[in-house]
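You will see subunit A twice below: alongside subunit B first, and alongside subunit C after that.
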Partner chain A sequence: MSQPLEFRPEAEDAVSDEGEALRFMRPHFGEEKFPWIQIWGYIGSLVLTFAALIMVVDHVLPPLALLSVILALAVGQAALQLGVFMHLRESRGLAWQIIFLGMVLLMAVGMVGMSIWIMTFKSGVS
Partner chain B sequence: MSLPVEDEKIIQHVPAEFSDEKESIKITGFWMFLVTDVLIFASLFSSYAVFKNQVAQGPSASQLFTLGPVILETLLLLTSSFTIGLAIYAMRKENKRALMFWLILTLLLGAGFVTAEVHDFVTFVSAGATWHKSAFLSGFYILVGTHGAHVTFGIIWAATLLFQVARRGLTAVTTRKLFTFSLYWHFLDIVWIFIFTFVYLNGKIV
Partner chain C sequence: MPSFVMYLVHTLFPHDVLRPTELGADVMIIATGVIIFYVLTKQKKWLYLWREWLTTVDHKKIGIMYLIAALAMLFRGGVDALMLRTNLALPSTPVIDALEYNQVFTTHGTIMIFFMAMPFIFALFNVAVPLMIGARDVAFPRINAMSFWLFAFGALLLNISFVIGGSPDAGWTAYPPYTGPMFNPGPGENYFFLSLLIAGIGTTMTGINFLVTVLRMRAPGMTLMKMPMFIWSALTTSALIIFAFPPLTVALAMSLFDRIFGSSFFTLGHGGLAMMYVNLFWLFGHPEVYIVVLPVFGIFSEVVATFSQKALFGYSVMVISIVSIMVLAYGTWVHHFFTMGAGPGVNAFFGLSTMLIAIPTGVKIFNWIFTMWGGRIQMTVAMLYQMAFIPTFVIGGATGILLATVPADYQLHNTYFLIAHFHNVLIGGTLFGLLSGLYYWWPKMFGHKLDERQGKWAFWLFFWGFWITFGPQYLLGLKGMTRRIYTYPAGFGWHTLNVISTLGAFVMGAAFVILVYNIIYSLQHGEKDLTGDPWNGRTLEWAIPSPAPEYNFARIPVVHERDAWWDMKQKGQTLAAMRPEDMRTLELPKNTPIPFLLGFAFFVVGFGMTFEWWYIVALGAIGVVATLIYSGFDYDEHKHIAAEEVLEIEAGLGRVQG
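Let's turn to the complex of A and B:
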């Protein structure tokens, strides 16, 4: 492993071919001596979970504001899981999963949001 | 045909699971599967969101849920997400013993989660809150149950991987399988966080 690398990683070649437009999909591999990132990720996820729990148990905000805040905490926690544990930016060549995830985020938010919105119209019936 | 794993790792400067071109593309494929799974859960969350106040003669969310068992389940799943993260870290360090230790721990934590969830469901059903009682309960059981089925499948998958790693060691194929399993497991953790927030905590906001 100690000999100098004679070949440039394929990943970088792919990026240079694509130019700057797909720069955000450039793969990135994390390398650590000790799993600090995982430990901080775990502590972070516990803090976010208990923050949401305590806010609900203590009723610190009016219902709709409280729901918005705990959903924001959940989104933060999802981002933390993706970034810390799921190696989001790792790939051989460009990290296409970033595009997939962006698309599905749009679809999922649309699906849930639009369902809730459309059903408010017949709230008197159902 | 790719080069042997060791050569590929040096030339490509990527971890073992990305070292084989064909195995590596399966990781991208697995991300696509997860994306479709997001849509399954999105549709189940939609139906739950729409039905959560349609309680008919049955109990409402705030009457039914107790946060104690749910916090236990959340802690078990969050910890298992951490241990599978450590398993992948050990895999990258080519430490097979540590990898298997963390994988077994993940498996046990997952089993603990499913046990707690089944116990929860049995408690609800014995109190008369079955899934045909109200639209709210139908939405609840189908959403939380689909997640629980995913976790159960994940446990079986992890058990098979444990045998494969024990017999074949850390090859381009087994590391790729372990990596995709870790993606699956973290994904289930994310889904659970939204169930915890939107179903259980939201149920307690009155």
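Let's turn to the complex of A and C:
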């Protein structure tokens, strides 16, 4: 054997106190005793969902206003999901997150935009 | 009370599950069930089954379960295909009637895409990805098990439809308005939507899981540009899944709402927009075809390098092309509905964007050929599939370009030309690739090779069977034969070609039988793989024993070069001569029944909702919530393997110095 094989540093590999040596490198995660944020987030997301549903089912507003309001609710919902359940604020490397989020936004806008373009030829069935 | 029983019998066993084919299937299912039950009980294997398999979170075992499911589904989908082909060879005396024909092609397509190709891919992801990147498991092992069980119970839900309640019959695309309740009463389409929704949750989680695994779990030193191509394909496929499945989920859920809650998203009246379904479906559907073909590009990249005994040609170009295919795959979906009438601007845009994809694909083809160029090629079964794939896929791609030419598509759309095109890429690409991967990684999964001689028989029959089946279908398409017809009038000149096509289908059926025989034979007589590196491989999975121990790597090696294991071998290094002092206590995920129970609870929800029995739905929903809550508070999810125990296992495998 000419060159000895290197292994991943023990600190990352072993389950021992040595593992603590790199502790400061680990990402910081919010560690609450009880996941209140998640529970409120969950309730909030349900409220947003049902608000949109009820408003549409009961036609509470004229169509254009209705569309604008449920769109706003959807944006709120997305923000809530990202903030509460995707732990967006808690990680290191925020720069990467922003790049990826930008890409996501681009894809989403692209898909929605192109779908609108595709469907412009008809607004319903003739 | 009797009226209640009558209601049950009528709902669960209507006419179309009491035809001879279904009754025959009933007998077979019950018989198989009894045999399995008997064997398990006799050999006292129930506990073993539960402990070692149903509750496992080990990616290697999950991979094997995916594989078994995929092969079973290949069987069912294949039998369906033979029924369809038999009918078309006998147009004057159809064996099955129009209704049953619709049900069978719907089941065939749905099963082959969602319950054969997808799980087969996930099988190979699970088996190979963590090993290739030098990881102990995937990023989220428990979620991985949940994905599997959601897939498995989703598949079960679709599979019972033909004997309980009736099959869906609106095609794997399930376009409205035909899926609406007034045109399509009965549980069939509910089964379809619910099973795909449930399996889809699992698939989405798999996408997230493998994305994170690839990004976060690689061995030290394995930078992105040092990852094996298969890992790149897992990464891009996962990204495709994450973006492609939401539109599908939305389309399926809205269709289901239209059916059971009386909404009118896609109905003809009440302001519904049926074409929006088509748009959403293909917004998913085109990325989906790349979801099932990119992993295969990855497999072939590994197979061709290994069996040419040369590094992959043009690695960085391969990476660029797979990433650009991934991006372009989102911008072509309209080519599936040019004839909807969106106008020349839209059609021209999407025709061109489709043709653009051929460029990076062509680049990959050339790189595979250049990899073989000057290499010492070994004609193993895995390599044969790779060699057959190249010309086959080129022809499939070329006919795709033809279809992307809008004026031509107006003629060819929904004819047998289209059928031939997508089978050309799905069989010649996806299936050949998956089988190549099966032969390639089989020793890593089971510790022995599959018999090569039998494998070659299966290969040649698959290859010729494929061309005999689908070659004539191109001609039939040009002669105007449309898809999804159960018979056709004499005198159209379609009969001879159809008979040839059907013969080809039976040749492929024979190939499948040989494949199964090959597997069973090799379980006992297969050449044992004692080194863990039967093919003189290049990537890390070949550095460890076959089958891999539970913890995969006793120690995780530092990677310096692209083909990490090849590089180590070049330097005279090995993972098979560990020193006792190298051993460490390892942390591994612990088995849990939660994923299985979660899948079962979802199944109950799905079954209840199919028949709109809300008490059962509520029961299942409680189960879902309860398992999730329990899982959330279950902090005891790891176990430790002591260093001494690792040493003992490695020593038992003959991998310790001295």
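Throughout what follows, the second predicted complex is superposed on the first by the 75 of 126 C-alpha atoms of A that agree within 3 Å, B and C clash if a C-alpha of one lies under 4 Å from a C-alpha of the other, contacts with A are read in each partner's own complex, and residues count from 1 in each chain.
We take it that a residue touches a chain if its C-beta (ideal position, glycine included) is under 8 Å from a C-beta of that chain, and two chains touch if they have at least 3 such contacts.
The model shown is predicted, which means the values in this text are computed figures rather than measured ones.
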Practice problem: Look at A:A78 in the shared chain and tell me whether it touches subunit B only, subunit C only, both, or neither; answer first, second, both or neither. | Solution: first
Self-check item: Greater residue coverage of subunit A in the superposed arrangement, subunit B or subunit C
Solution: B
Quiz item: Of the partners subunit B and subunit C, which touch A:W117 in the superposed model: first, second, both, neither?
Solution: second
Quiz item: Between subunit B (first) and subunit C (second), which, if any, makes contact with A:M107: first, second, both or neither?
Solution: both
Quiz item: Does subunit B (first) or subunit C (second) touch A:L53, or do both, or does neither?
Solution: first
Quiz prompt | Where subunit A meets both subunit C and subunit B, residue numbers | solution = 1, 3, 5-7, 9-10, 107, 111, 115, 119
Quiz item: Given the complex with subunit C, which residues does subunit A contribute to the contact?
Solution: 1-10, 12-16, 107, 110-111, 114-115, 117-119, 121-125
Quiz item: For subunit A, which residues count as touching subunit B in their complex?
Solution: 1, 3, 5-7, 9-11, 29, 32, 35, 38-39, 41-42, 45-46, 49, 52-53, 56-57, 59, 63, 66-67, 70-71, 73-74, 77-78, 81-82, 84-87, 90-92, 96-97, 100-101, 103-104, 107-108, 111-112, 115-116, 119, 126
Self-check item: Footprint of subunit A on subunit C - complex, ascending
Solution: 219-220, 243, 247, 268, 271-276, 279-280, 283, 330-331, 334, 341-343, 346, 555-558, 568, 571-575, 577, 582, 584-587, 640
Quiz prompt | Of subunit B, residues touching subunit A in the complex | solution = 10-15, 18, 21, 24-25, 27-28, 31-32, 35, 38-39, 41-43, 45-47, 49-50, 54, 67, 71, 74-75, 78-79, 81-82, 84-86, 88-89, 179, 182-183, 186-187, 189-190, 193-194, 196-198, 201-202, 204-206
